[in-house]
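Next, two complexes with chain A in common: one pairs it with chain B, the other with chain C.
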Partner chain A sequence: MFVSNKFLSKRREKGVGQGKVSQSLAMFFLLLASVFVISAAQAEVPNAIPPTVTHSGEDVPQPIEFPHDVHTEENGINCLYCHTYARRSPVAGIPPSSKCMGCHTIIATDKPRIQKLTEYWENNEPILWNKVHDLPDFVHFTHEKHLQRFVFENEGMDVENVSEVCAFCHGDVKKRTVAKKVKPLNMGFCVRCHEANDGPADCWKCHK
Partner chain B sequence: MSLKNILENWSHYRRAHEDGGHHEYEHMWGMAIDLNKCTGCNACSVACYAENNLPTVGKDRMRKGQGLHWLRMERYWDEPDLGGDEKEYQERGGSFLPMMCQQCNAATCEPVCPVAATYHTPDGLNAQVYNRCIGSRYCSNNCPYRLRYFNFYSYYEESWPEPLNMQLNPDLSVRDKGVMEKCTFCIQRIRTGKDAAQREGREVKDGDVVTACAQTCPTEAIVFGDLLDKDAQVTKLWKAQEVELGKTKQDKSNGELRGYRVLEGLNTDPCVMYMDRVREA
Partner chain C sequence: MSGSDINRRDFLKFMGLGGVGAATLSGCDMPTTITLEEGKEKVVAYLAPEEYAIPGIGVTFASTCQQCPSGCGVHGRVREGRVLKLEGNPEALNGKGLCQMGQASLQGHYNPDRITQPMARKGGALMPVSWEDAWLLMKEKASGTAQGRSAWFTGTVSGHQSVLLAALNKAWGSKDHYVYEAINNAVGSAVNEAVLGDATPVYRFDKAKAVLSFGADFLGTWVSPVHFSREYGKFRSGDRGVLIQVEPKMTLTGGNADLWVAARPGTEGAVALGIANVLLSENQVDGKQLPQAALDVISQYSVSKVAEISGVPGDTLVRIAGYLKERSPSLVLSGESAHGHTNGYQNAMAAMMLNVLLGNIGQTIEASNSMVFDELKAKQGNSKAMLDFAAAAGAGEYDVVFFMGANPVYTAPAHLAMADKIAKVPFKVALSMFPDETTMSADLVLPLSSPYEEWATSVSPYQPKDAAISMSQPLMKPLSVETRSLGDILLSMLKYQGVKDYETFEDYYAYLRSALDSLPASVKAGKDSDAFWSAAVQKGFIKAPSKPGSLKVSLGELDQGGYQTNGDYPMNLVPSSNQSMYDGRNANLPWLQEAPDQITKIFWDSWVEVHPKTASKLGIKEGDFIRIESDQGVIETQAYIYKGVHVDTVAIPMGRGHEEYGRYAKGNGVNPLKILSPVVDEKSGELATHATRVRISKVGRSEELPRLGGSEVQVGRRLVSTVSADVFRRTEGA
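Up next, the complex of A and B:
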């Protein structure tokens, strides 16, 4: 899918440059261009065919409206900085409040969200985040394996771009405040990606 | 495979394991159980209940044969060859045989499943996919060992009331009513062991994976391992007893050897070898 879009986009540039295409053909290329732009929004992950299916999940209210966009898009913090366990365990992990306070004793202390965070911190209360991407209990999924395949053992993949791999299943979290389920995460979704990327097809690899 | 093909080549199909089977196996998980060491203490069974989220069904349902003990301790009180009817021999106590799914390589349960919920994995295991199971119970009826257990009731609420649900193993689902289940050779532990080996960039070695029953056995009667690994303890035991996989009729001429597989004459090619109990005659 991704390769073919790139291929098509080259043809588009050539066509537009010549300026001799009919209007209907121009419309066709414009459509192609829009497809290209959408896929270009996800930067490249080498040796991978990302899933394309989307889903519209419900908004999950969180105790603090954590702005993912400010942290990642504006300040360029890597996903793995807070979700540390993704690289070595089944779950990606929610960072402890102490990790938040590592920066937020100094940074942006005047913001209401940070004041709420400080309140939790000073009262020694854990922040009870609500789970957004909840897989059924009969599914065995590990973040570790997927990061190994797409990031750490993937030649030409830069760990700086890990968010593109996260986006396969979590969507563009960079554009959101709190996360929301934007991929179906059902069996069809998993299997299509496994087929496209030569993942294991044995039932007992995922079902438990 | 068409029906015609199945009917015509049935005997060949049932003997395919003798030519190496249908798979390129990555592992071949197997067991060796020394009945000389087994004291019948049932610790393996208890460990299995704890590890695999098995519900306790109660006396009445157990009596009806609705128990869900993936590993059951079979007791034999009389041994006719040894004068089993005589009181003297009975007082010496029973013989015990821990019986779990034999993970047959030519499993009788697999071809009869109408929805392919049970199949053979590349690990040499006989897998049961709960989500796919429709509860026809054909597999259970076709199993010569009677090792498949059916969930006639839902147990997740009554068997683990709050806060006992906290003791459930998260690496395993809690089965609901209407599905068949059986021993998996602790697939969750195999998975963990393989993951750990991959993380360290090496092959799975003997001792990486130990099933709950083998881990618990106080006399170490149960040995678990990969039969394709030549250095594994289980392979050595199989070799010492001259029991081979993919062979329907084992050579029984040497009276010194104690190794046998239960009902192996039925051509199931089980992966569990028992070593017979030796008693003073």
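Up next, the complex of A and C:
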């Protein structure tokens, strides 16, 4: 059984607040919880064995240094709020400028990055981002199917934690400003994860 | 291996688990950075997308294919603002299907050789200019043209562009609009009009039990091939209809026929008369449908005489007559290889006579649904227009000529000296997407948008079910900001000419909206302006009311001219059309250059088809370079030894041998149209494209043909099981 971090922390708060458990029992729970926390650090997502191989990609400069950390970690915005296409389409998509401006006509308009964004918007100019994660054209990868498997059709998975699933392939984007390739995304990486998680093994699933 | 604990099975298991598995995966761990580098490609975010736009998922829009005059409806899949794939519009005439030319039209749209800005001739060469300069040049050279000294030379036009073109010609006091198509059914239409009073009647393949076609390649290039292919499917299913094809070179349709007959080119009419003779004399078909004059002519064409004229064995004629008698109703057609002769009209008339004799009129040949909006109907091309234009331009009758959708400098035979005659016109304007031969000889080039970037309406020349106006809508933003649609250019010219009716329209879209608004309420079915427009654009066409047609029957002159032979030039030249290069307009589409010919499997180059008997007589082997010489010139290309061609005939496909027309077309192959003799069909005045006599000889060089497969036999592998006709007749009793 896997228990998410958030769930554990709530439970612990509740236990302490009631103050009715014995010292030894509390000690036992604390130990148990710490075991869970340690193991949960690698296994946030139920019914999944995340890939472990890492890669050290280059820093890719972007026209605007978009702070993923501010949006997700500090303000708690879900990945799928902006990358809304990921659950419906093969590609996750970059959010359209109109989505940025939905908030940023009001929020943080004094920040230089926002001013740059506003300039693009007012000039009717789409932003040309530099692509960080890419696959060769002979590989058919679909975000939609992976999100179905690990999030929407995954019993016990809370969509609020979707960033943990994203992190399988994209690393901990929440801790970074612009994205960087931290997983190799080559065939070995894909196949190992498919083997571990009972994914399809047919050649033509990806090479069609 | 005694003494060891590992047996063979364990060893294999071990290898399977460890060795092989690890080896496979370690190979998969090659870094993808070999081909992909982070940050080297751009990803463009939408600015403010429509709600339906999801990156990675296509949305389908309806439009109309303009790759040949048939005008099939298409559905284009659009993703991230790019049209990626075309399919047939299931509700349109062509149904779900779209031929390979239509599929490849995407490569016309994305072609790297497209003209992206106006060009004007300066010091002998075409130089890029701005639109302002282009309009200034038009003002200077064209707007003061005297009445009647300007002309348009176009391919098939229809719909509202045709309306604007007519209005413009009226404003300029010019009545001359030449509509030219190198591949046309003009002779057939003339006979239909004369006999039936309907130039494009409806052919009911689905009702026919036998089809006898004199060179009508209805599965390849004749009239509306995609629609006919669908009808042909019905004809062949259930009680399987019999298809008999009489032609000098096996076309795609000929390749599908149950009986393929190579008649001497130009004697198709005689064959038809011979069959009629057998039907009347031996098969007890009642001749009361035919006038006495026709019966008199038929009685002169006995089986033995026809066999001598046409080279078709008498028993074959009897067999064909038997099929037609047995299987009623039948359908008799004639196409370009029967029409392209000095007696082409009589050939078509003789074929039509068989329909009358067999009682097919009203059965498998029905009256067309003629749309009530005459001004929108397709102006169909023919080759007489080109001959007339060449004469007029050569006589210096024009100061200004506009070219659009036709490439006469390429398709005209050398004897017309088209380039020289066009050079006599002081100011030539080409509206074109590509730098083809005609465009490159113009003084001003106006860049057209592709059919998938513009608003337009069109009307198919052939309308078998309901009359319809087809809609074209932009499937994506123009790739180049400087290109303009034909409608927009015509509208600008009309405004420039100060024609009052058109001054209020900002662009062609606004004009089309208003034009559709003014359609009668019965067409709009109670919808308001916006709802009607959205429905039309969504569906891809508007059903239009039609006049119920009727067919009369009055058979014309049947008598066939004598068959000409020429000792100096013993062979006949067939410039064959195929559903690939077509008349040469598709030579700039690499998909079609790369797609092997349906019959010979050759690509990227020209070839000449030679019968094995002729080849062995002259010592010609496959791949040998052959010199083909007519009284008008010489071409050289490689031989393909082929049984599907008449013994005294050589066939060279049309469409290659371009001197211009971009990187994919230029310099590939030869153009057989160049060496055509100056002969016309005497009755209709159409160019007799199949009446050229040639002699052939070996050049002395040989090279392997660029050809898929390379073998005519299955080398005993039984990839496709076959049975010979003799064995089949014996065992199946057919």
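Definition applied: the second predicted complex is superposed on the first by the 165 of 208 C-alpha atoms of A that agree within 3 Å, B and C clash if a C-alpha of one lies under 4 Å from a C-alpha of the other, contacts with A are read in each partner's own complex, and residues count from 1 in each chain.
The rule we apply is simple: a residue touches a chain if its C-beta (ideal position, glycine included) is under 8 Å from a C-beta of that chain, and two chains touch if they have at least 3 such contacts.
Note that the coordinates shown come from a computational prediction; the quantities given were computed from them, not determined experimentally.
**Q** So if we stack both complexes on chain A, do chain B and chain C clash, or do they fit?
**A** Clash - chain B and chain C, as placed by superposing on chain A, overlap.
**Q** So, does A:R88 touch the first partner chain B, the second partner chain C, both, or neither?
**A** both
**Q** Using the touch definition from the top, say if A:V162 reaches chain B (first), chain C (second), both or neither.
**A** Touch partners of A:V162: none, neither chain B nor chain C.
**Q** Is A:L135 contacted by the first partner chain B, the second partner chain C, both or neither?
**A** A:L135 sits against chain C, while chain B stays out of touch.
**Q** Residues of chain A touched by chain B versus by chain C: which partner has the larger set?
**A** C
**Q** Touch check for A:C203: first (chain B), second (chain C), both, or neither?
**A** A:C203 contacts chain B only, not chain C.
**Q** For A:K145, using the defined touch cut-off, is the partner it touches chain B, chain C, both, or neither? Pick first, second, both or neither.
**A** first
**Q** Is A:P96 in contact with chain B, with chain C, with both, or with neither (first, second, both, neither)?
**A** After superposing on A, A:P96 lies in contact with chain C but is clear of chain B.
**Q** Is A:V60 in contact with chain B, with chain C, with both, or with neither (first, second, both, neither)?
**A** After superposing on A, A:V60 lies in contact with chain C but is clear of chain B.
**Q** Under the stated touch criterion, which partner chain does A:K181 make contact with: chain B (first), chain C (second), both, or neither?
**A** Touch partner of A:K181: chain C, not chain B.
**Q** Per the contact definition in the header, classify A:P126: touching chain B only (first), chain C only (second), both, or neither.
**A** second
**Q** Which listed stretch of chain C (43-51, 133-141, 493-501 or 601-609) steric-clashes with chain B in the superposition?
**A** Of the stretches 43-51, 133-141, 493-501 or 601-609 of chain C, only 601-609 runs into chain B after superposition.
**Q** Can you list the residues of chain A that meet both chain B and chain C?
**A** 88
**Q** Over in the complex, which chain B residues touch chain A? Could you list them?
**A** 119, 121-123, 125, 127, 129-132, 170-174, 187-188, 191, 195, 198-199
**Q** Report the residues of chain C in contact with chain A in the complex, numbered from low to high.
**A** Touching chain A from chain C are residues 25-32, 35-36, 38-49, 54-57.
**Q** List the residues on chain A that touch chain B in their complex, please.
**A** Its residues touching chain B are 88, 137-138, 140, 142, 144-145, 148, 202-204, 207-208.
**Q** Would you mind writing out the residues of chain A in touch with chain C in their complex?
**A** Interface residues on the chain A side: 57-58, 60-61, 85, 88-91, 93-98, 121, 124-136, 180-181, 184-192.
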